[in-house]
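The following pair of complexes shares a single chain, subunit A, combined with subunit B in the former and subunit C in the latter.
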Partner chain A sequence: MKNIYYFSKKEFLESWRTSKLFIVMIFFLILGIMNPLIAILTPDIIEISFGGALPVNIPEPSSLDSWGQFYQSMTQMGLIVITLLFSGTMSGEVSKGTLVNLVTKGLKRSTVVISKSIYLILQWTLCMFLAFFVTWVYTLYYFTDDNSPHVFLAVLPLWIFGILLVTAILLTSTISRNSYEGLLLTGGFVVLLFIVNIFDKLKHYNPITLTSENINFLQGTSSLGNYMPAMLISISLSLLFLYLSIVILNKKKL
Partner chain B sequence: MNGISFLMDHLPLLIPLIILQFTLMITALVHVIKHPNYRFGTKGMWIFIVVILQLIGPVFYFVFGKGDNE
Partner chain C sequence: MNIIEVKNVSKSFGSKQVLDGLHLGVPTGSIFGFVGGNGAGKTTTMKLILGLEETTRGDIFVGGEKVTFGNTKTNRITGYLSDVPEFYPYMSAEEYLTFCGEITGLKKAEQKQRIKETLALVGLEGNKKRIKGFSRGMKQRLGIAQAMLNNPELLICDEPTSALDPEGRNEFLELLASLKGKMTILFSTHILGDVERICDYVGILDEGKLKVSSSIEELKQTYAKPQIELFFDEVANFSALAAELNALKEQGVITEVEKINKRNQVIISYNKDYAETAAALLESLIAKKTMPISLRKMNPSLESIFLEVIQ
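Let's look at the complex of A and B:
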């Protein structure tokens, strides 16, 4: 237990000293501020670019636009940046040989994997909620409508998908020799999820729907209960990935 | 749309946004200048990327450009 604590602490310190933590926090804060701003600006941008040529009336932006922007930027930018920055988390240590000393001094390899997963999950939680609260505060300030009642229910699936993604990053970076291989494998995993998404019958079981249905959860038009299987599958996949990472690292030559 | 009144209306959004963008840029810029060992590319190239490509530039530098030994 103590070792897990110390190794997680080492991860945070490393991330802080290499400025990764700082960069990623600033990045998510910026994402959070951009969402309401883009929602406010979109009608003006359309008006400027099309002038009077567009006959339809552009509706006033509402809180839904701001949240829609949030889910779009989190899945398109946020998750990608997390993947890019942490794709070498295990393979980097293996190739640099920094684990050899610790493991020969008696640190269990499973401790390494568990600490890294704790660190990655905490990191994702921190980043997501930074962006979430910034968007939330500005949305409450600028849009005084009640179109989006279920703010927390809508963000929960995204958080669970993020956890699945970071454990996938951990597994792929354990398998691969460098961060580019890890990136490729993580990308392949996400593409696979998108391919499964073509089959409509599997919709309620596919983790990727946790990132695409958020606006419906937000409005309350779609019940989160229907997507319980997808959430359960995501969590069990995460646990499976963790287990596989431990098994693979145990067999890997450091 | 009146430019000045628009600016005044959205100051609470714009000021923190500009401050954060600058912090990100300066952090990356200081790192580029202080650590001249890159995985690829030259100092000039990375300074250009960090300054011109807002938001994405600094992230790109820390992912692909930063040398391994610091």
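Let's look at the complex of A and C:
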């Protein structure tokens, strides 16, 4: 247990000293600031772009637009940045040989996997909630409507999907020889989830829906309970990915 | 008693067999030189002992406990220095050793003391630079420090002197020699002089098989040919000399003659008593008025033994 703490501490030190933590925090902070700002500016941008040629009236922006922007930017940019930054987390250690000194001192390989997963989940949580709270504060400041009653409930599925994604990154990074292979495999996993989404019957079981139904959860038009299978499957898959990462790393040549 | 027992171990990478039924025993408390050419299987053997590679066949025991691939418990008593040790470049030497100490389970006070001692031992005390700014030699020295941090019972060093300059190599060999009796050291190299200087046991690995494993003294007694080296000046009559030496060979005084023309050097092998052979040799040379500049009894070198063993 102590070694999990020491190795996780090393992961955070690495993140800090290599400026990864700084970059990712700044990035998510900007995302958080941009969400309500884009919601406010979008009508003006459209009007400037189309002038009087636009046949319809653009409605006044609301908190829903701000949160819509949050979920869009988190899934389209936030998750991609996380994947890009951490796709070499395990393959880098194995290919450089930095684990050799530690494993030959008796460090269990399972400790490495668990510590890295703790670090990745905490990093994702930190990033997501930074963007979330910044968006929340600015949305409250700019928009006084009550169109978005379930703010915390709506973000929960996204957080769970993020956990699934970072454990998938850990697994693919353990399987692969370099970060590019890891990226490709993680991309393949996400594409697979999108393909499964074609089948309407599987909608409530597919983890990817946790990133697409958030506005409905926010408004209360869709019940979170209906997507409980998708959340449970995401958590189960995360645990499976962790287990597989340990099994694969145990068999890996260092 | 042996701290390492390698029993009938084979290792293949695809169709290439690197080790073939290897048997090896490393006596507890010894400095064991593991010698072999490039690709002989030294590094593979060490990685198998550390559980970093999986054996194709056979078993390995460290401290009486079986080594298992992946997570071997035997590593708690080992320290390992690889040929090119890798570290986290964003840490300083002290931070890295602190991390290693934490992983190894050293208590805080002991950890602090050991870090201070090992850094002083390898000449990195007070160095606050990050590892990314270290030279290869400095990294090698940090590698030694991390391997010795927890006072391991068994220290495994894979070609540790290959990246060091002559001064660093000398210091490192002295350091290893000073550890004699404190821990068992398995030390692989292809620099035979290093083995001869500090090791008390040697194993010669060739084409995946252990050709020889014994103490250096035993090895010299078994394999070394008694030889005499003669030097002549440039005006010596070498054809007359060759005839005379052939005559001595036929009489059974000497067994073999090897001439190295460019250096006017002749090496003579014999199997009788040195004094008797040297006297007969000098007598014969005086009679032919071919006096050598020097005559020297050659001490058997590990290099000549190695070449003979792998032939």
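The rule is simple: the second predicted complex is superposed on the first by the 254 of 254 C-alpha atoms of A that agree within 3 Å, B and C clash if a C-alpha of one lies under 4 Å from a C-alpha of the other, contacts with A are read in each partner's own complex, and residues count from 1 in each chain.
To be clear about the criterion, a contact is a pair of C-beta atoms (placed from the backbone, for glycine too) under 8 Å apart; a residue touches a chain by one contact, two chains touch by 3 or more.
Just so it is clear, the model here is predicted, and its values are computed rather than measured.
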Which superposed partner A:109 touches (first subunit B, second subunit C, both, neither): second
Which superposed partner A:138 touches (first subunit B, second subunit C, both, neither): first
Contacts of A:14 with subunit B and subunit C, given as first, second, both or neither: second
Touching partner for A:40 - first (subunit B), second (subunit C), both, neither: first
Which of subunit B and subunit C A:96 touches, first, second, both or neither: both
Subunit B versus subunit C as contact partner of A:84, first or second or both or neither: first
Contacts of A:222 with subunit B and subunit C, given as first, second, both or neither: neither
Set intersection of subunit A contacts, subunit C complex versus subunit B complex: 18, 96
Contacting residues of subunit B [partner subunit A, same complex]: 1, 10, 12-14, 16-17, 20-21, 23-24, 27-28, 31, 55, 58-59, 62-63, 66, 68, 70
For the subunit C and subunit A complex, residues of the former touching the latter: 50, 52-53, 69-71, 73, 75-76, 78-80, 82, 84-88, 90-91, 99-100, 102-105, 143, 146-147, 150, 156
Touching residues on subunit A, where the partner in the complex is subunit C: 2-3, 6-7, 10, 13-14, 17-18, 96-98, 100-110, 250-251, 253-254
List of subunit A residues in touch with subunit B within their complex: 18-20, 22-23, 26-27, 29-30, 33-34, 36-37, 40, 44, 47, 81, 84-85, 92, 96, 138, 141
